[in-house]
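Structures are listed in the sections that come next.
Two complexes are shown next, each including subunit A; its partner changes from subunit B in the first to subunit C in the second.
This part shows the complex of A and B:
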C-alpha cells in the first residue's frame, strides 16, 4: 500500500542526520541507511571503540560541531529506523514506486520507499602520477581517517601533496599527532593564495585557521613548496621518498608515506541510477544531479542533499539536509511554517560563494597530464596505463567518455570509476583538446560497489514498516 | 615480503589484544582495529594485484577505492578498511588473486 511506504535517507552524516532530525520533529520515522560502522560521515567519523581522546583532540577546530551532531544522532536513535553497515547498491522499480537494493551482513533485501533522500557525500578527488599505487601512498582523506578513526598515522615520516584546504589541515593534524611532516607540496602556485584576502572579508574564521596551520607548519621546519608537479614515488616495495619539480628545480625528499588529493568528488551514482537529470558544474569540474534550492531533483520523490549534490562542505551539508527534509514535508502536504527555508537557502548560498573563492585559492591542476608519462597507471583496479587510453582513443574516433570506458575498461573496475574517472575525463579532454564537459558523463552502473557474487533473487522483501 | 610496518599506532596502544592469523602465523591486533590497521601495523602489504602482482596497501580508507580487499584463509575476501577485526580471523596477504568478474 503506497501510503504505508517509508521515507528513506541514504547517508548518516551531516546532511542525512539533520534531515532525519527535521523529519522526526514532524512526526515522521525515516529509515536511515549507511554503509559505515558508525554514524557521523567523513569529517565527523567516529572510532570503533573509545580511545581516550577528547572531542577537541580528535576533531580540532570542529570539535563542537562534531559533538553536537553526534548528540543529535544519539537522541534520534529511538525515533528512526537506523541501519548501519548497509550498502545501498541500486535504485530500481522506478516505473512504479521505487525501491532500493541493499546488502546488510551478507543478506540482500529490497526496501520500497515513498520518498528517497540521497545524502551520499563525497570521496577524495585524485589524479595519477608515477607509482601512486605503491604501498604508502594514500589520499589526504585516508591519512586523516586513519588518525581520527583508528588513532594511527599512515607512516611516521610524511609528505603531503595536492591542492585544497585539507592539504594544510591534515599536515598539521599529523604534526600534532607526533608524526614527522617532511613537506607540504602545494600543486598550486603561491600567487593563488592571494585570493584568500577576499575570502577573509566573508569568512575570517576559515582564513585565520588556514594561516594558523600554515604558520605552525613552517615554524616547525616543515618545507612548503608551491607549483609542485610530482615526478615519481621512490622506493621498491613501499614508499621511501618522492621526487618532484617546483619552481624550475627538481628535488627529492625521503619519507615513508605520502598523503595527497585535490579536494573532493561528489558521490552521485545512486542519483544517476534513480534516473535524475544531470548538469555539469564548473566549480566541482563534475556532473551533478540537477536540483532546486531545497534538493528536489528532476525525478519526483527523489531528493539530493549535502556534498553528494555538489561539494559545499560539512556546514553547508547540515543546512542542506534540513532544507531537503522541509521539501519532503512540503511535498507530502505538511505546512512548513515561517521563513526557515528561505533563511537556510540564503545561508547555503553564502557558503557556496565562499567555495568559489576557495577554488581560486586551491585550484585544480588543469595541466596535470602534461607532465605525467604514458606508462603511469590510470586505473588502479584493472591496472590500465595512461598510454593505453591514448591507444584506445586512437586517431581521434573517440571523444566520449562512455565509449572510452567500453574500449579501454577504465571505470569498469571494482571502484566503478571513483578513483579514475576524474582523471580519465582530464586525459580524454586533454587529448581531444576540449573542455571536460564536452567528453560527456560517465554513466553509473549497478551495483555501485562490489557485492558478493552469485546471490539469487531478492531474499527478503520489505514492503512497509 | 618485508616485515616492516606501514602504519604507526598513536593511540589505543594498550587496548586489549585481538589474536588473528597472518599468513598462517599468530599475530595480535588491538580492540577497535579495522582489519587494515591490524595488518598494516605489522607489514606493508595487504594483497598482490591480479594483473601485475604488485603490492597494494589500500588507498582511500573510506570504502570507495576497493583497493584494500584482503583474502581470508577460507577463500572469501573482506574490505580491510571498513571491516572490524575479530578474534580468530585468518588472512593471506601474499597470495596472488585470481581474476574475478564482479
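This part shows the complex of A and C:
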C-alpha cells in the first residue's frame, strides 16, 4: 500500500505554526516549509544567533505573544517535518494531484501534497517618491527586521515616514534601541486619527498602545508631522536628509536613514500559480485569493491563511491558521467537535472590523502620484521611471496591468512585481482615472523568486514520506 | 444599443498576422475593421521567443520568409519603432556529425532561394565563438537572421494600423460569423455588428473554430512553448542560437537578459492561458549551462508560455477559403510565425485587393487537408 500524500504548510509564522499545532493535535504530521532560517515569520522574527536580548527587549509590547508562539513551535518540532531555508518557487502538476517545486540548499525537489495550506504572509507596500532608491532608504519592515534579527539599526539619526500602525511602532522601537529618531512623518492628515476614538470602544489595548507610542515619541522630542508629502531625499551618495511638505509648509530635516512604508501587501503568487480564483479587496487595494471563512479556496485541496489571504495582522493570523487546520481536518473526514470554528471565525471577524477603522486612521494616500514627478523611478529592477509609464500608457492606449507590464517592462525584473506592482497599479489607475480594481490583476509566473539557472539536475521527486 | 459598421474587410485576430494585414490593406486604400478577443499581439505574437529567422524553414516557406526579411529593417518607418530588431545572425548548432550533415544538406537546398548559409566546422566554431562550449560537430550561420522583441513589435503593428485609419476593437470576442451571400456579418462583443465584403481569419490558435463555421475542418493542434528568462547579464551572446532538432534556442537581449526556450508547456484550466512545464524549463536550463558555462551562476527570474497553433505538416494555412468566396485564412504557423508574419500581412492585402499573391503560397492551401481527410475516408 502506498502511503498517503502529506499535508503541506508553506510558512512557519503565526498562521502556519498555529495550523501545524492543530493538525499535530489531531495526529497529522504535516510538512512545514519556511523560507526563513528560523520559524516566526516577519513579525516574530528571531535572531540568526541568540544575542542575549530578552523577549521584552526584542518584541516590546508583543513579547508575550512572540514567546508563546516560539514555544509552541519548539514543542511541535518533533511532530512535524520542518524544513527551514526552503524556497517554494512554484506550484505545478495540478492536472494530477499537484506538487510544490522547492529549492533547499541548492537542491531542487518536488513535493507532492494531498492538502496545501499557504501561509505566505505579506511584505511592505511601498510607493515611490523622488530618490527613494538612494542608499539609506529602507522599508519599515526592513528597518524592523534589522532590529529584531540582526540587533542593529539602519542608521543613527532616523526619519520614519508613511502610513499605518507600523509607522509609530517602528519609530518607538528605534527610540527604545537608543537611536536618535528625528521625526515621524505621517502621510495621513491629523483629522484621520479621530477614527481611533471609535476603535477605542472595540479595542482599547490597540489604541492605548498607539497613544503610548505617540506620547513617548513626542515627549522625547521626536517631531511628528501630519499630511506629509515628501519632496526629495537630500544627499549626493546616500541619505543625508529629507525635504517634505506638510500643512502648507516646506521643511527639511537632516537624517542618515529613512524608514518608510504604507501598510502591507499580501504575498499571493503561490495561490495564483495554484490556480485559485481571485477577487479584489478594497480594504487592501489588492487582489486576494477567494476564500471561505476557514480559508478554503476555489481549488479543492488548497487553503490560504493569514496575511497572504488578506491583511489582518498577526493576532488574526494565529486564529486563521487554526481555522484552516480545522477546515483541512473536516475535509479529510475528521470530526471537529464543538463550537471552535464558529468562535474563531467570530474572533477573526472582530479583528477585521478593527482593521477597517485602522484603515481610516491610517488611510492610503490616494493622491500620492499627483505630486510625484515623472523622473521618479517606479520599477527598480528594470529602471523604469513614472514618466515612461505615462508615455507607454498613452502610446499603447493601455488600461490593463498585464498589458502595461508587456509594453513598459514594469514588473518584469528580478522582483517580478513583488516590490513595484502595488505602485504600478496605482500609477496606471491614476492615469486612467479609474479605481485600481479596473486595471486588472497582474498574473504571477514561476519562479516566485529568482532561482539559479543550474538548479535543475535530475529532479528529486518526493511522492511521499 | 447595437453599433453597426460597414467596411471592406473584417479581420478576426489582432496578432502580428492580422495587424500587419490590417496595416497593409489600409495602405492599399481599404476600409478595415480589426477585432481581437483580448489585446492585439498579446497571445502567441507577443509572447514568443522573438526569433527573426529564415534558416531552418522548409523550402516552401522561403520565398515568403525572404519577402519578410525585406520588411524587418523598415520596421521603424512602417510602425514607428524598431522593435529592438537586431540582424545579429542565427547560429544553428549540430550536436552530432549526423546533425551536421543535415545542416549541410539544408544549406544546399536553401541556396537557390537566396539564403546564403555559412557552414562552420567544429574547430572553427571554437575560435569564432569561444564563449560557446559543448558545441558538438559544427554549426550553420545565417548572417542576416536575428531577433526582435515580440512584446513591442506585435502591438506596434496594431497601433500603426489604427493610426492609419483601421478601426481596431480590442476585448471584442467574435460571437457569430456568417456569410450573407454578398459578404459577411460578424457579431462581436456585446453590441458590435460588422458587415464586410471580405473576411480574414487570422485568429491563431482559435482559427480552427472559425474555419469550421465555413465547413473547413483543419487538424489544428495547440502547442505551448516553454520559455525561460534570466536576470540581465553582461552582453556576451552576439547571435541568436538554435539547435538542429530544435530542443534549445536562446538569445541575449539588449538589456542583458538571456531569453531561452525549448520543449513544451501545458494549458491551464482556462485554455487561453498556459504555463511552461518545469521539466521542459529545467532541461532548457541544463542545456544553457552546458552551452554557456558563463551562465553557471546566473539566476532565472521568470518562466512563461503562450498559445500557438500547430499543423501536422509544419506549414501554415494561408490563402482563400475553398468553400466561401471572400474569406481568407492565415493561421497555424507552428511556433514559427513571428519572422514571416509581416509578409503574410502583405500577401493577405494582395489577396483581398487582386485575388492573387505575388509570392507563392500554393503549399499553404487549406485544401490540402480536405484532400487528406478525403483520402483517409477512402481508405477506410
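In this section, the second predicted complex is superposed on the first by the 455 of 465 C-alpha atoms of A that agree within 3 Å, B and C clash if a C-alpha of one lies under 4 Å from a C-alpha of the other, contacts with A are read in each partner's own complex, and residues count from 1 in each chain.
Simple rule for what comes next: contacts are C-beta pairs under 8 Å (C-beta built on N, C-alpha and C of every residue); 3 or more make two chains touch, one makes a residue touch a chain.
Just so it is clear, the model here is predicted, and its values are computed rather than measured.
Colleague: Identify the partner contact of A:445: answer first if only subunit B is touched, second if only subunit C is, both if each is, neither if none is.
Modeller: So A:445 only meets subunit C here.
Colleague: Could you figure out whether subunit B or subunit C reaches more residues of subunit A?
Modeller: Higher number of touched subunit A residues: B.
Colleague: Of the two partner chains, subunit B (first) and subunit C (second), which one does A:400 touch, if any: first, second, both, or neither?
Modeller: second
Colleague: For A:90, decide between first (touching subunit B), second (touching subunit C), both and neither.
Modeller: A:90 sits against subunit C, while subunit B stays out of touch.
Colleague: Touching A:81, do we find subunit B (first), subunit C (second), both, or neither?
Modeller: In the superposition, A:81 contacts neither subunit B nor subunit C.
Colleague: Figure out whether A:238 sits in contact with subunit B (first) or subunit C (second), or with both, or with neither.
Modeller: So A:238 only meets subunit B here.
Colleague: With the two structures laid over each other on chain A, which partner does A:47 touch: subunit B (first), subunit C (second), both, or neither?
Modeller: The first partner, subunit B, only.
Colleague: In the overlay, answer first, second, both or neither for which of subunit B and subunit C A:275 touches.
Modeller: second
Colleague: Is A:101 contacted by the first partner subunit B, the second partner subunit C, both or neither?
Modeller: second
Colleague: What is the shared patch of subunit A, the residues that subunit B and subunit C both contact?
Modeller: In subunit A, positions 382, 413-414, 447, 450-451, 453 sit in both the subunit B and subunit C interfaces.
Colleague: What part of subunit A is in contact with subunit C in the complex they form?
Modeller: 90, 92, 95, 101, 108, 110, 273, 275, 382, 395-397, 400, 402-403, 406-407, 412-414, 416, 443, 445-447, 450-457, 459
Colleague: Give the list of subunit C residues in touch with subunit A in this complex.
Modeller: 39, 42, 46, 151-152, 155, 159, 230-232, 255, 266, 268-269, 273, 275-279, 282-283, 285-286, 288-289, 295-304
Colleague: Residues of subunit A touching subunit B in their complex?
Modeller: It is residues 35-37, 42, 47-49, 51-53, 123-124, 133-139, 141-142, 145-147, 150-156, 177-179, 237-238, 256-257, 267, 380-383, 413-415, 418-419, 447, 449-451, 453 of subunit A that touch subunit B.
Colleague: Residues of subunit B touching subunit A in their complex?
Modeller: 1-2, 4, 6-12, 15, 31-34, 37, 41, 44-45, 49, 51-52, 54-67, 69, 81-82, 84, 100, 102
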